[in-house]
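Both complexes shown next keep subunit A, but they swap its partner, so subunit B is in the first and subunit C is in the second.
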Partner chain A sequence: MNVNKKKIYPQWFIVLPLVIYVLFFLLPSILGVGYSFTDWSSKSAKTGIHFVGLKNYIDIFTSNKNYVQGILHTLMFTVVSNIIKLIPALFLAILLNESIKCRGLYRTLFYLPSILPFVIIGLIFKSILNYNNGLLNAALEFLHLGFLKQKWLSDLGVVWKSIFAVDAWRGVGYVMTIFIAGLSAIPSSYYEAASIDGANFWQKLRMITLPMLKGSIMINLVFGITYGLKVFDIIYVLTNGGPGHATEVLTTYSFQLYSTGQYGMSTAMNTVLLIITAIIGVGVVKMMSRQEG
Partner chain B sequence: MKNKVLALLLCLGMTVSLTACGGDAGSDESTAGGQDSSEAAGEAGEEATESAGSDDFAGEELSIIVSADWMNDYYDETISRFEDTYSVTVDLQTIPADQYSDILQSKLETGTCTDVFWIQSNPFAIASVIGNPEEYCLDFTGEAWEGIMPEARLSSCKYEDKLYGLQIWHNSPEYVMVYNKSLFEELNLTVPKTYAELKSVCEKIYAEGITPWFMPGADGWQHQLAFFQIGGVYEETDPGLYEALNNNTAVFAGNEKMLEVLGQFKELSDAGYFGEDWIGTDSSNMANEFGDRTCAMAMANSSYVKQIKDETGSEDEFGMFLIPLGDNDTFPTNPAGPTMFGYAGTEHPELVREWFRFVTTTESLQEILDNSGKYTNLDVTDENLEQHWLPEEEEFMNTVDKSKMLTPVLQTGTKYTNDYWMDFGADLIAYCQGTMDADTVLANMDANRAAGAATAGDEAWQ
Partner chain C sequence: MMKRRISAVLKQAVCILLSIIVIAPFYMVLINSFKGKSEAARMSLSLPAEWLFSNYAEVIEKAKLWQGLGNSLLYALVSTFIGVILSAMAAFVLSRNKIKLNKFLYFFILCGLFFPINYVTLIRVLQFFHLNDTRIGIIITFTGAMIPFCVFTIYNFISSVPTEMDEAAVIDGAGPLSLFFRIIVPMLKPTMVTCFILQFMTVWSDFLTPLYLSSKSKMFPMTMSVYQFFGKNKNSWNYIFADIILTCLPVIIVYLLGQRYIIGGLTSGAVKE
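Entry: the complex of A and B
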């Protein structure tokens, strides 16, 4: 039997998207990697672009600017932001998958922050978290909890926690929505059978929900990891890498290099990000294929 | 048949409209011509007679490209008078600030630049921004208007002893200490002239529950002014420092005066004199803090005094003094400013020269100043110009010795320093928070300047 004849779309349908993908994504990415080995700068129109080998990469790891710390911050953000979003989102999804009153309203309310632009979120939270006249500290004062007041965005010991909190506020609803989609696909008969067998909530979670949610967990994990590795907006709008360099990540450094005209160095930073993403991406894909197999 | 009628009607319509246009144009031209001749005759003043005949350029167009906020509407009257005097038109192309640099560069490199162009100049900008002035700029050497610019500003307009640019900018005190004079009087405080005096003043103000020195660290670009605006004191302590820094024979790292100033800044920060959370505070509420007396001093421009009064209705008196860190007594002279250049490839070089002569007459300068609204003075040597200094500015300027106004601020007096303004600010905060030491802050600036020099291909760094 000739299976190909039964295909709805012919092979050449892929040509146009492939050409667009290669021209506007793949080629610029490869060019970017190529430029990371040059001295490309804002003055290159006059001086030309010259091959400098691994100089940019050596500079990244030996520079007076602590780029390595920026890379470590990026990895830390990726891990922590995923943990603090995935776990609460899973429990929220389970809760809002039950037949409770105003379920739709709650789902909408939790999802809403994820559609807000980062610039708006930055403006709102910078105002809320202001030490002197921010809403949060004012509320704590009002509740006679003044001892809990913090310099939310300028204290070295607190600033990352503030960023994670804002990031979770924005992202939990999105992750939750994907979990809800996964949960609604689990047949209720599984839970009924488990209940008859006397299984409690945790046993049902471990034996039914989590195994059946593998697909949703993987999707959230992949989205979360790629989001975490290329994080820029939330840091830029809340702290711009500060106070000092305390919250610099790979992309904020790359942005700074670009804005001072050091395009070669900037593309080298992005190439480092590409390598890290590729390594983690390959790992995740392998893990997924193993589970599918 | 219907088509033929339609075609005939259309032809008739076209003929009528063309005739109408021709008639209008003719009448406009005659009116304009009439105005020109009468106004030119009426304004045949001394300036017009000095230059080329007003009819020599009739019908030509002078094109100018400028970034938003550099000319605004305060050049309109002068442009209009120039058009009338010479029967020319001026095509003013105002570009949004964030796009201006890219557009200008591409116009220069593709040979399509306007007759006149502007850059934000400083003593190094002709080389770094324009690159090759001989190729792109008209040489104005020998023009009489060179004399209207003070020596410090000329440094932003000349390259290898040739005059290329014209800088007409104000010289109001920028980022000096603005203070609440009434509050000082009530607390029996005198204006501090040394760091020790400043510390003592801060201590007394702090004891009253008032933030002595409002420092908006969250803006990211303001707090480092305390270090850079006192460039004169570094040069005085170590004569020739600027030149050595520009020749790459000296570095920031290890400079004792700079280390002293950084140490003083941190000391004030640690003492809480900048406010409880200065690193997390931006300047959006600064005027209100002055108005309700929750702060006593801040680094600001002289025009800020008016802003405080306008925005808060404060009846307090305000004044200014020099930033006393490092016992500084030098004025923050800043030769940077928007500067006009003639394009070498212009088709109307004589008209461009005439424009520069025209705009530097007393009448034009007075128009520009009077129409600017926000500027109280123009930094020119023309004694016939009627300046509009604020009383606070005059009082302050009288306290500063002229010999203390010669050295420009550090950020524009030394190459590649200003390019890393934000980086230095972040390092300074890291230093105040104890995650970086003072010498590393300075060493980082050296490394950044070296990177900037490498990007620019500066021979002194090779």
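Entry: the complex of A and C
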């Protein structure tokens, strides 16, 4: 059989997908690293592209344009948005893994927001969070909680909270769904045995649920972290980085630099993101290849 | 007994409350899409004074919705179809013939799960192939970006497909292509459908790729044309809401039809543990 392997499983099956992946996905990233050391800009058609060394990176880390803050925002968003989604989603999954009425309907419903385009969600919440006639402030007034009214998207103190809330509204159901699948694979006899031993909810959670959910937690973290680092749409549509530059992240700066024709700077910004994701990605892939054996 | 009933009621209450939080925005959008301009601007949850179904007809024309729909369908269907088939072929060989090179290639492709696309230099690459500002350029970008995820998902599934079938088919004189398309693809159907649905919805929702890659509005998919429409008609919320409903409808339909595949696919990696 070994002799035939090359014939039944021809290597050329891999060539086309590999070429597309390398040319249109990987190559731009590698080129980006190269261009990040140049003064490439919209004027380069006339003046040519020159090697400028680390100038772009020095600009990013020392200029007064808050690029560093954008990078920090990206990291902050990644950490906070994951915590905000994972913990409630876990409890929701545990709740919907029990036999409660209409649980199929709830599962379908809670997952629904995560299939919608971010742009749409951004637009919907732009209207809901509108100070004067948005649904949220109207609801607060209706409940006689008018004192809680906020300028949700323009007040520096609340704007990030609004973004996180919208992000959670969309994402909790997705995380929950992955947890439910993990939960359904845990044999119920474990819990029965633990109940006989007199374990309470928290003990069962710590000793059975969490260790058995390792795979689902891992998947959620990988998806969540890569999503967080690349976040763009929701911030672009909700606040466009504002008020001022208060909610600017790495990708919004990168787009801004691109649209103002500073291509070299934009690719440098992207390279920073590439390095951050590469460090995390290599770690995860290493862990997976260890499992693969 | 009493305690159990109280806890059941509490759990239902939590679920109902969360359901309201999920549904309220949808309801608000739907109900206001039938109102007149000034009534919709108040964004209340009350029923319209007069049901203006004509909003939809008007917005389809004003926002050039057919064009957006056509582009979205073209991008999503073609890129996903090609991407899933190519990924399945690669995953098949990578998983069946685990020589050193193929193990390396598998993890090489997996790296793409994490990396961001560098659009600025991508445009440069597309220019080189004379594909910038073309629909083919956008499609091939989407295809390239989905390959890591699809290879990863399908690769995990293939290991559960027995190899005896391969051998039998080859003994019967089948070539690799007919082995793959006639024997393997039917067995991979569930995971390929999952990849197709998930990636279809990803492409449909994508905003960043067309934002960078299409400078002409006639190439905009629905997400872009909604956003552009919003920019031009900031006060006509009735039209914007109608546009939102029409943009969401296709993905919601795909979701409801393919729901069991989505859940199965999302979790194929998670349950393996």
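Assume the second predicted complex is superposed on the first by the 268 of 293 C-alpha atoms of A that agree within 3 Å, B and C clash if a C-alpha of one lies under 4 Å from a C-alpha of the other, contacts with A are read in each partner's own complex, and residues count from 1 in each chain.
Following the convention adopted for this analysis, a residue touches a chain if its C-beta (ideal position, glycine included) is under 8 Å from a C-beta of that chain, and two chains touch if they have at least 3 such contacts.
Everything numeric in this text was worked out from a predicted model, so none of it was measured.
Applying the stated contact rule after C-alpha superposition, one finds that A:117 touches subunit C and leaves subunit B untouched.
Taking subunit A as the reference, the larger set of touched residues comes from C, when subunit B and subunit C are compared.
By the touch criterion defined above, A:203 lies against neither subunit B nor subunit C after alignment on the C-alpha atoms of chain A.
Shared-chain residue A:133: touches subunit B and subunit C both. When the two complexes are overlaid on their common chain A, residue A:195 makes contact with neither subunit B nor subunit C.
By the touch criterion defined above, A:240 reaches subunit B but does not reach subunit C.
Subunit A residues 130, 133 lie at the interface with subunit B in one structure and with subunit C in the other.
Those residues of subunit A whose C-beta lies close enough to touch subunit B in the complex are 39, 41-43, 45-47, 63-65, 130-133, 151-154, 156, 240-246, 256, 260-262. Contact residues of subunit B toward subunit A in the complex are 105, 109, 131, 217-218, 220, 275-277, 279-281, 285, 419-420, 422-423, 426-427, 429-431, 433, 435-436, 440, 443-444, 447, 451-452, 454-457.
Subunit A contributes residues 1, 4-11, 13-14, 16-18, 20-21, 23-29, 31-32, 35, 92, 95-96, 98, 100-102, 106, 108-113, 115-120, 123-125, 127-128, 130, 133-135, 138, 169, 173-174, 177-178, 181-182, 185, 212, 214-216, 219, 222, 226, 229-230, 232-233, 236-237, 251, 254-255, 258, 263, 266-267, 270-271, 273-274, 277-278, 280-282, 284-285, 288-289 to its touches with subunit C in the complex.
By the touch rule above, subunit C contacts subunit A in their complex via residues 8, 11-12, 14-15, 18-19, 21-25, 28-29, 41-45, 86-87, 89-90, 92-94, 96-97, 102, 105, 107, 109-122, 124-126, 140-141, 143-145, 147-148, 151, 166-167, 170, 176, 179-180, 201, 204-208, 211-212, 223-224, 226-227, 230, 237, 240, 244, 247-248, 251-252, 255-256, 259, 262-263, 266-267, 269-273.
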